[in-house]
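Heads up, the next two complexes both have chain A, just with different partners, chain B and then chain C.
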Partner chain A sequence: MENLCIEQTKSTPTIQFDVANNKLRIAGQSYPENAFKFYEPIFNWLDQYMAEIDRETVLEIYFHMPYINTSSSKCIMMLLEKMENAYQEGRKVAIQWYYNREDESALECAEEFKEDLLLPFTIVVLDDE
Partner chain B sequence: MNLNLLDLQRSLQKNGVLITFSGRFTQEIIEELGDAVRKYMETESTQYKTHDVFAVFIEQTQNAKNYASCQSEFAYGERIANSGIVAIGKDEQGYFVSSGNMIVSDDVGPLKEKLAMIASLDKIGLKKLYKEQMKKTFDSESNGAGLGLIDMARRASGQLQYSIQDIDGQVSFFTLKVQV
Partner chain C sequence: MKKSTNDQDFMYDGSTMKVVSFACIIIVLAVIFTGSISYFITRNAVVDKLKSRDLIYIIESAAAKIDGRIARAQETSLLLARDPVVNDWVLSGEQNEQLGKYAKYKLTDMVNSHDYVNSFIVSAVTGNYWDEEGRILQRVSPQNDMDSWFYETLKSNKAVSLNIDYNSGRDNTYVFLNALIGDLKHPLGIAGIGLSLADIAKEFTAYKFGESSALWLVDSKGKIHLADRVEQNGKYLNDFLPAAVAKQIITDTNSQQTQTQILEYVNAAGETVDLAYKATQSTDWKVVFQINRSESIAILKTIKINTAIASLIAVLMITLVFYLVSRRIADPFKRALLLTRKMEQQVKERTSELAESNKEIMDSIEYARLLQKSILPNSEELKDILGDYFLLWRPRDIVGGDFFWVKRVSKEKSLVAIVDCTGHGVPGAFMTMAVNTALKHIVEQNHTDPARILSELNLQMKQILHRNRQDSFGDDGLDIAICAIEGHSLLNFAGAKLSLYVRRGQEIHTIAGDHKSIGYKASPEALTFTTHSWDIEAGDQFYLITDGYLDQNGGEKNYSFGKKRFIAEILARKEEISRQGGQFESVLQNYMADEPQRDDITLLGFSIR
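Coming up: the complex of A and B.
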């Protein structure tokens, strides 16, 4: 399976799916014109990946999203629910959600996503560079 | 000279308007204005407030734009698409984001119902409603998730303020003001 790589734009995050290392990274703001259209290939890619990899492999997903509009939030929730279902079926998934220390809104957003999920979900604070 | 820019400017200043745009919303215009809003706010206010003002601005303009795209095939499509306006400003109560656009008069009833339902909820109720709406399947008809108004109500310091003015029986003008 090939890596998935989508470059960042002003309103869409960068997507880096590193198959060899089982890491998916989503970083940047998200408020595209059509969120579902943007995230749909990622959902499809994830489905294919989950079907192909070994059940014991741990998929790590890194998020660093300072701003997410409502329709993108819904897509992120869909992605997380997909992972939650996989986790409930015994698959190995770990979420790491990064936010900048002074960005309280991003922390609240991460906490709200985490609330309804049982999968390993770590919120990590980043200090200013 | 018919257009008196000085009058227009005085009116904007009197109402505390800092940034405004009138016309057809495109994703590019939303992104550029959004940057301007954020840069302005960063020099003026806290990061938290900047985030909320930016978020409300994005939800309002994308709502108006999505509504216009849904109407584009119908009789009032052009009028609706060209009727967008947004203003970011500051008054006695703090920062506000106001937006306006035409809507088909048939949509007035359902919109009022939705706004009344939102107005009846406190922050906890709004969060619950937001989460419920989040779990619904995507409405493929529109680009939206049906979350914009609820999200704005959650960020607003008070109630969402709105007015709906009938224009000619066919279309009405919807104005929404969110105090952040």
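Coming up: the complex of A and C.
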């Protein structure tokens, strides 16, 4: 299985899915014209990855997304649901969601996502440098 | 474009020619420089050789000819004078026939067998002058002035003496070599020979070096006795040379007899003339030779012309080579220019094609905006239902997924909603049309409770959007805030992910909608919502807002505008509600500064009278 790496653009986040270390990272704003088109390969990759990895593998997922538009947030929700399903099946999945301290919208967004999930979801505040 | 093309051509040609011209000038200068240097070196060498060798050679060989001739004549006259037979014959008073016959034969033989003009024996005993034909030519006498040479020579005690006689009648100069016969103290007479300088003159012509060259034999008075040109015989040096030069030659008596003197002067015509002279050994005459500098270095003229021609050919060839080379060098550059131009042309064409199709699309979208606006309530409808109000409706693109909606249900009851459909631009606009229709349809079914309206809307939208899209990824829906206003006293609110903000005095009440979206695949069909009731007091201000305003990034750290800032802004408004729209817009504009608008923006504020 190959790593999934997508470069950051103005309207799409960077995607760094590291197979060797079982760490997935999504960082950056997300407001592409066609969110489903952007996230579809990510869903596919994740499905394949989940199918291939050992059940005991501890999967760490990092989010740091200051802005997610409505359609992107639907996609992120779908992504989180895939992880939630994996967690419900007994996989070891943990999410860490970062936001900048003063960015209350990002915090609200994180809290909204967390609301519907049972898997370990930690919201981590980042202090501005 | 045409003009700039020409400019490029001009620049290209100009710089090439500049380089070629510059190189040619440098080469021409170099050729001229080296040519001049070699010319002057050669000229100096030629002049030096002329002065140090050629002139000396000419003068010395001319002088040697004359000296040799005279020396031979001297020997000959001595032989004649010392002949014992001649001695005896003279002593006998020319009486002895036998001796006389021999002596006369000798005289004749001198002239016939050798190149002498005349020969003679003059006896001091008898005074007879015997000539080369063996006859007595005359009888010398001390009384005759013409014979004084004879008596002076007798007394000279010199074995041989030289006598020069210029005969103007014959226009010839004769040199007589007189040898004493017998004892030098008491000579018996004089025997001798005469030679004509005209004979030597033939040899002088051999020294004709050029048109301007002249060879003269001059005496101590500067008279020319012999010249390579016969017509100059008998004239003086002064006739041909500047006085100072002539004088120098004539008066130069102390210069070593053997040394050739070289000098140069500028003649009346301004030409440099090289001159050499030398005294002869046997006489006090001088041999003078001169030649114009220009003539002696005439050979250089050929060199000069040849060098010039060679230089010219070299320059032409190098120019040609340079031109060809520069063309070769410049060609790729030119090709690159042409290619660039071609590509620019292509880009231009494509840009205009794009501009054209873009214009078509824009025209079409502009028209879509008209359509979208046609479903939106106008200000009179809004004012009728909302009383004092302001509206900020700013689609991110020309059309958008945000829209607002009002409906008077009855005299006392009306509905107001703002809707944020997923997507913006044209896809968003399509959604708004569908939602608008759905809302209209629901109200026609007499649903007026906000929560119920949202449930119905969810159902209808799911039906509309997902009938044939079970397998596809597309997932669309909407967020909505809807209020039912009953008279001036009650407001019922329900929201799908959108909230109602109410300002009462200096307090803000946020009435959050349900955390549920409408119409998405993930939205259950039996989705229920909550209606929140609000008793209206005079002065209450209501704000409905989609997330475009709240999510707009900007500020120092480029964060979203956020709810806190929005609430603070509501509290900061002092003016009546109908005048707050511009305030909210400028606050947002200041916050986003140069950032582009992220999403469609709708903000509706109202206060029910």
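We take it that the second predicted complex is superposed on the first by the 129 of 129 C-alpha atoms of A that agree within 3 Å, B and C clash if a C-alpha of one lies under 4 Å from a C-alpha of the other, contacts with A are read in each partner's own complex, and residues count from 1 in each chain.
Everything below uses one rule, namely that contacts are C-beta pairs under 8 Å (C-beta built on N, C-alpha and C of every residue); 3 or more make two chains touch, one makes a residue touch a chain.
Here the structure is a predicted model, which means the values were calculated and not measured.
Colleague: Return first, second, both or neither, reflecting whether A:E104 touches chain B, chain C, both chains, or no partner chain.
Modeller: both
Colleague: Pick one for A:Q96: touches chain B only (first), chain C only (second), both, or neither.
Modeller: A:Q96: touches no partner chain.
Colleague: A:M77 in the overlay: touching chain B, chain C, both, or neither? Say first, second, both or neither.
Modeller: both
Colleague: Is A:T14 touching anything from chain B or chain C once the two structures are fitted on A? First, second, both or neither.
Modeller: In the superposed model, A:T14 contacts neither chain B nor chain C.
Colleague: On the A-aligned overlay, A:N69 touches which partner chain: chain B = first, chain C = second, or both, or neither?
Modeller: After superposing on A, A:N69 lies in contact with both chain B and chain C.
Colleague: So, A:Y31: does it touch chain B (first), chain C (second), both, or neither?
Modeller: both
Colleague: Across the two complexes, what residues of chain A are contacted by chain B and by chain C?
Modeller: In chain A, residues 31, 33, 36, 67, 69-71, 74, 77, 102-105, 112 are touched by chain B and also by chain C.
Colleague: Looking at the complex, which residues from chain B come into contact with chain A?
Modeller: Against chain A, the touching part of chain B is residues 27, 31, 34-35, 47-48, 51-52, 54-55, 58-59, 62, 65, 127, 131, 134-135, 138, 140, 143-145, 147-148, 150-151.
Colleague: Looking at the complex, which residues from chain C come into contact with chain A?
Modeller: Answer in residue numbers: 420, 422-423, 425, 473-477, 479, 515, 517, 520, 522, 547, 550-551, 553, 557-564, 598-599.
Colleague: How about chain A: which of its residues touch chain C in the complex?
Modeller: Going by the criterion above, the answer is residues 29, 31, 33, 36, 40, 66-67, 69-71, 74, 77-78, 100, 102-106, 108, 112, 115, 128.
Colleague: For a test of understanding, state which residues of chain A touch chain B in their complex under the given definition.
Modeller: 10-11, 31-36, 67, 69-71, 73-74, 77, 102-105, 112, 116
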